[in-house]
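The first chain written gets the first letter, and so on, giving A, B, C and D; residue counts start at 1 in each chain.
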Amino acid sequence: MIAILKAGTSEEQKNNLCNWFEKMGLKTHVSVGDYQTIIGLIGDTSKVDIGLLESMSIIETVKRISEPYKNANRKFHTEDAVIDCGNGVKIGGGNFALIAGPCSVESREQIVEIAKSVKASGAALLRGGAYKPRTSPYDFQGLHEQGIDLLLEAKKVTGMPIVTEIMNVNDIDVFEPVDVVQVGARNMQNFDLLKALGRTKKTVLLKRGLANTIKELLMSVEYIMAGGNENVILCERGIRTFETYTRNTLDISAVPVLHELTHLPVIVDPSHATGISRMVEPMAMAAAAAGADGIMIEVHNDPEHALCDGAQSLRPEQFESVCKKVNKIREALK
Amino acid sequence: MIAILKAGTSEEQKNNLCNWFEKMGLKTHVSVGDYQTIIGLIGDTSKVDIGLLESMSIIETVKRISEPYKNANRKFHTEDAVIDCGNGVKIGGGNFALIAGPCSVESREQIVEIAKSVKASGAALLRGGAYKPRTSPYDFQGLHEQGIDLLLEAKKVTGMPIVTEIMNVNDIDVFEPVDVVQVGARNMQNFDLLKALGRTKKTVLLKRGLANTIKELLMSVEYIMAGGNENVILCERGIRTFETYTRNTLDISAVPVLHELTHLPVIVDPSHATGISRMVEPMAMAAAAAGADGIMIEVHNDPEHALCDGAQSLRPEQFESVCKKVNKIREALK
Amino acid sequence: MIAILKAGTSEEQKNNLCNWFEKMGLKTHVSVGDYQTIIGLIGDTSKVDIGLLESMSIIETVKRISEPYKNANRKFHTEDAVIDCGNGVKIGGGNFALIAGPCSVESREQIVEIAKSVKASGAALLRGGAYKPRTSPYDFQGLHEQGIDLLLEAKKVTGMPIVTEIMNVNDIDVFEPVDVVQVGARNMQNFDLLKALGRTKKTVLLKRGLANTIKELLMSVEYIMAGGNENVILCERGIRTFETYTRNTLDISAVPVLHELTHLPVIVDPSHATGISRMVEPMAMAAAAAGADGIMIEVHNDPEHALCDGAQSLRPEQFESVCKKVNKIREALK
Amino acid sequence: MIAILKAGTSEEQKNNLCNWFEKMGLKTHVSVGDYQTIIGLIGDTSKVDIGLLESMSIIETVKRISEPYKNANRKFHTEDAVIDCGNGVKIGGGNFALIAGPCSVESREQIVEIAKSVKASGAALLRGGAYKPRTSPYDFQGLHEQGIDLLLEAKKVTGMPIVTEIMNVNDIDVFEPVDVVQVGARNMQNFDLLKALGRTKKTVLLKRGLANTIKELLMSVEYIMAGGNENVILCERGIRTFETYTRNTLDISAVPVLHELTHLPVIVDPSHATGISRMVEPMAMAAAAAGADGIMIEVHNDPEHALCDGAQSLRPEQFESVCKKVNKIREALK
C-alpha cells in the first residue's frame, strides 16, 4: 500500500502518521520527492482502513497495490476452477452448462414436464424457485420446502442436478439436498448468509447485486471462500442503469473482466438481465461468444396461457432454438 | 388497473385475455376506440403480475391506477405518523431529532464520552454500530452483543435511546433492549428480516438501498407494516450514481417525495451519503431546509488520532456547529 | 394519446381540459369508469407537450400510444434499411462491415500503413479522427482539414471509404469528400448539427450519447431524417453507469432492441465501450453474436511504442484475430 | 505525476519507459521499493496521455498529483470570483441572485408581465428560452432572434439583465446584447461552442451535463477560461440516475464540492433537476442552505391554463413563497 502526502505536510504530521502505521505492525518506507512525499507500507495492510486513511487532511491519495480479495484472485490460482454441480455436471475450465427451468416451482406435473423438456433440448441443470424474493409482500412467495421436494422429484426422473435460491440463513438445513444453492442479487451483500454458506461445502451460485461493482462481487465471494468453501460460481444478471427499455442492463463485459480477475467460473442470466423474452436469445448468444461458462434461462410451460409470451420466460421450443444457436457459437470458437 | 391492447389484436385474443382476468376473480370493462382497445380491471388487482401482463404480445401497455403499497400510503393516512423512539423521544409530525454517534462502538469509555458530548450539543438519540456490514470479510465486524451492552450503558448514563443496526434475523432477541433497530441499505430487500421485524413492535429505521427506487423503499416498508408493525422511520442515505467524487449521491429530493407519498417520517444520513466529513454540514443543512424529520450523523472522538479528520465522521466540535446551524434553519422556517 | 384523470376530478375541470385539447385541434373521446375517467385524444398529438400534461393536478397518467419517432420507426418500414457507405460498401439488411483505424490521424505514413493492414485483415471502412473531442482543452485536438486530406490519401491507396467525426456545424463543407460522417456521443443532442446533416445526403454514423436512452437516440435520428436524409447508421458505444472497471458499460441489449424498434442498421464500438484493449475481442464477438450490422474498432500501429499495449486500441495482429473470430461467429449463425 | 510499475517489470522495460518520458521533455525520478517501483515525473505532464499510460502492460497505476484544470482551480484563486451579470447584478463572493422566468418566451405581453411579477417577488435576473433544445424535432423550438428581442424589451421595462440559452456557435453575434449566455446541459461538451465563448467576454452560465462528473464540468469551464474569458457561473441542474420518480436527481452535494474545487460561483436549477413543480420549493430551500450563490427557477403566467399546475414551472404566487423562504434561510445563516 502506498500513501501520497499532500504538499505542505509538516515533518511532525508525517512522523505522527508513520508512528500510527508502525503501531499497526507495518513497516514504512518514506520517499521524499520535489513535489510530494510517498509512504510505502510493508506488511499485512489488509487491516488498514483505506477510507479512514483517504480522509486524513494530509493525504493526497492512497493506493492498494494488492487487491483485497485473496481466495478468488486469479493471480494466486492461474488455472480455471472446475466446480462440481452434482450428478457429474461440472462448470468451468472448459465445462459449459445450460441451466433452465421455470421462475417458480408450481406443481409436480409442471416441474417434471419442464425438466424433461429442457433436458431434451440440452440443459444440464434444472432451476426453479421455491423461496421467491418479491418486491411486494402481496406477491406469491413460493412453495418453500414443498418446492424443493418437487425439484428433487424432477431430479429423480431426469437425473438433472438442481439449482434453487436461498434467502434465509436458517434454511441451510432445508437446502441440504440441493445441488447448487443460489444467492440472489438482493442478498449479494447479506454477509451473514454468505458466511454461513462458507462453513458448508455446498456449491454456491452467487449473483451480482443490481448495483454492485465487479470488485464488490469478488469481495462477497471472499466471504464464502474465507470460510473454507471454494465451490463458487459467479453470475452476471444485469445491473441497474438509467435505461428503462430493458429491466436491467446486461453488463456483458463482466464476463471477460471476471475471467481476468478470478479463476472461478462465470455464467450469465439473460432472462433477468433483460426482462424481455424476445431478448433472451440474442443475449444468450452474446454471452456464449464472450466466453461465459454457462447460461441460465427461465423456461415456462403453460399450454393454458398460450396467449402469454411469458414475460422473461421462454417457451420450450424457444429454449431449444437458443440451445442450438449457443452450441453453434461454441463449436465455431473451439 | 388498465391494460391497453395493441392495434391488430384479434377478437379471440381479446376474449382469451378477458377470460384469464375473470378466472382471477376480476371484472373487466372493455372500451373499444378507433385506435386502441382498453380493458379496465375492477377488483383486487394486487394479484395480477404486471410484469407477466406487460410481456404479452398483444399488450401495448399496462397501468396500475392504485399504488401497490397500502399501509405506508399517505392517501389512506393523511396525518403524519409520530414514531416513538423510547425515553420520550419522538420523530415525525413536527418532532425533529438529531441522531449521532460513532461508526462502531469500540469501548465503554469511547461510547459514553461521545454520548455525553453529542447530547450536550443537542442530539436526541445515540447511534453506534455493534454488528457492522463490511464489504471485506477481513475488516472489523463489530463487537456484537458486547457492543449493544456498551450502548445500553451509555443510555443509562445519558438517558438517550439507542439506534443500532441488525443484520441477521436470528439476532432479533439480542436487539430486544434496543430502542430503534436499524435495517441497513444492503438489507433493504432482505425480505425475511423485514418480515421478522414486522412481527415485533420495535421501532425500525429502514435505510434506502443504494440502488433502490423510492417506490421499492415503500414496498419494503410494506413488508414490515403488513406484519402489523407500524413503527417505521425511513432514511435517505445516498444512492449509487456515476459520480465518484462523493461516495454516493445524496438524493435530497427523496425527502419531499417521500413526504408526499407516505405519512411516515423521513430522516437523512449525510455521513454515508457523501463519505466526506467536510460535506456533512452543508448536506445536514440542506436536509433540514428540505423538511427532513431528523438527521443522523457520525461523530467520533479520538484525541489520539488527531491527525485524522475522520473519513465521514465529524469531531464533536464540528457536530456542535452542525447542530447550531440546523437549529437556525428550523427556527427560520417555523 | 390517452390521459387518465385522477379520482375526484370535477366535471368542470374535465370540461376545461377537453376544451383545451379541442383548441389544439384534437378530438376527445371520454370514457367514464367506476374508478377513473379516460380521455382518448384523436388527431395530431405530436403537438401536445406530454410533460406539461403530466404535471397537471388532475392528471393521473398520460400515455402516448404511438411512438413520437416516425421516420426511423420499424412499424412503418418493415424491411431493413441498406445504407450506402461509398465505394460499394453497404451496411444493413445482411451487409456486415468492420470499420477500423487509429484514434487520431497523425501522419500520411501512419494512416496509409494502418489502412493497408486493416484492409488485409478484412476491414471494409477506414476510421480515423481528424477533429477530436477531448475532455481537456490541453489535449491534442487533431489535425483538422489536414487529417481529412490524409484519410483521403489512404482511401486513394486502399479504396476504403472513410469515416471521421464532425464536431462543428460550420465544418460541413470540409466533410464533403468524407464518405461517412460520424456524430460522436457528446454531440448526440447537438440538435443544430443534426438538423444541418439532415439537409445533406451524407451517410451519418450517429453514436449513442453516454447517458442517453435508446428512445432518445431514435429521437435524435428523427432530427436527421425529418430533414430528408435517410442515410443513418446507429452505433452503441457504451453507457455511463456506476461500474468503474471498464470506462463505460457496453449495453449489448441495445442491438436487438434497436433492431426491433427501427429498420436502420446498428453497429457496436467495443473500443470506446470498454476502454480496455483486452476486452475488445470478446466484446466484438458478443456484438457479432447479438446481431450487430458492423463493428468499429480502434487499431494503432506504432512499432516504436512497443511497450504499450495500446489503451483501447488493438495492434494489427490483434485486429486480425478479432476479424477471424467475428467471421467464424457470423458463419456459424448463417 | 506518478506511475507505479507492476511487480515483475524488467529493467529494460523500465528504461524504455523512462526514455519515452524523457523524449517528452520530462524528468524522471525512480524509487525502487521491495514490492514495487515508482516513477515520479517532473515537468509539464499535461501532455502525457494518462489513458495511454494506464493501458501499458507494465503499469500498475498512474496518478496525476495536480488537477488538470488550472484556471478554474480554487488552489490558485483562493478568493471567490464575483461575476458581473449586467445592470449592477453580481453573483458570487456573497452576492446571491434569484433568476426567474418562463421556459419559453412566447409573446411581449407574456414576458413583460412575468418579468414584472418575478422582479416584485425578488428575482434579480430574467430567464427565458428563445432557442430551445428539444428531444423531439416536432416540438416547439423557440422564437429565436425574436425571442431575444422580447427579452430585451422586458429588460427595458424592468431593468433586469437577461439570461438565455445559446445552442449554435453561429449565433454568438445574435447573443451580443444578452447579459448572461447560458450553455445547456446537452452542450456542456460542445467544445467548439465553449471555445467560441472563451474568445468573448460574455458572462457564461454553464450547466452540468446530465451524465457528466463534477471534474468534467470543470474541464469544460477550462475550455472557456483558457480562451481568456473568466466570467463563468456554474449550474447544477440534476443528473441522470436510475430513479424515475423525479426527472433527474438533484446532486445537492455538488454545491459544496464545487465551492471546494473552484472559486467560481455555483447556482442550482431545481426546476429542471426535479421536473415537478411541487418539489421546486423544498429543493430551492435546500440549495440555499447548502450555500448556492443563486437559484434559477421557471415561472409561468397563464391565467387561461389555470387548470395546469405547470409541469416544472411555478405560478407567480408560488415563486413569491419560494423567495420568502429562501431569504429566511439566508438570513438565518448570516
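As a convention for this text, a contact is a pair of C-beta atoms (placed from the backbone, for glycine too) under 8 Å apart; a residue touches a chain by one contact, two chains touch by 3 or more.
The structure presented is a predicted model; accordingly, all values stated were derived computationally and were not measured.
Ranked by how far their CA centres sit from the centre of chain A, the chains are topped by D. Interface comparison, B-D versus B-C: the pair with the greater number of contacting C-beta pairs is B-D. Rounded to whole angstrom units, the spacing between the C-alpha centres of chain B and chain C is 39. Chain B and chain D, compared by their mean Cα positions, are separated by 31 Å.
In chain B, 211, 240-242, 244 are the positions where the chain touches two or more neighbouring chains simultaneously. Every residue of chain C that touches chain D in the complex is listed here, in rising order: 13, 16-17, 20, 46-47, 49, 51-52, 54-58, 68, 133-139, 167-170, 186-187, 189-192, 195, 209-211, 216, 219, 222-223, 226, 240, 275-277, 305, 307-312.
Contact residues on chain C toward chain A in their complex (touch as defined above): 211, 213-215, 239, 241-246, 249-253, 255-257, 260, 273-274, 278-279, 282-283, 285-291, 325, 328-329, 331-333. Residues 2, 4, 29, 31, 33-36, 38, 40, 42, 60-61, 63, 65, 211, 240-242, 244 of chain D touch chain A in their complex.
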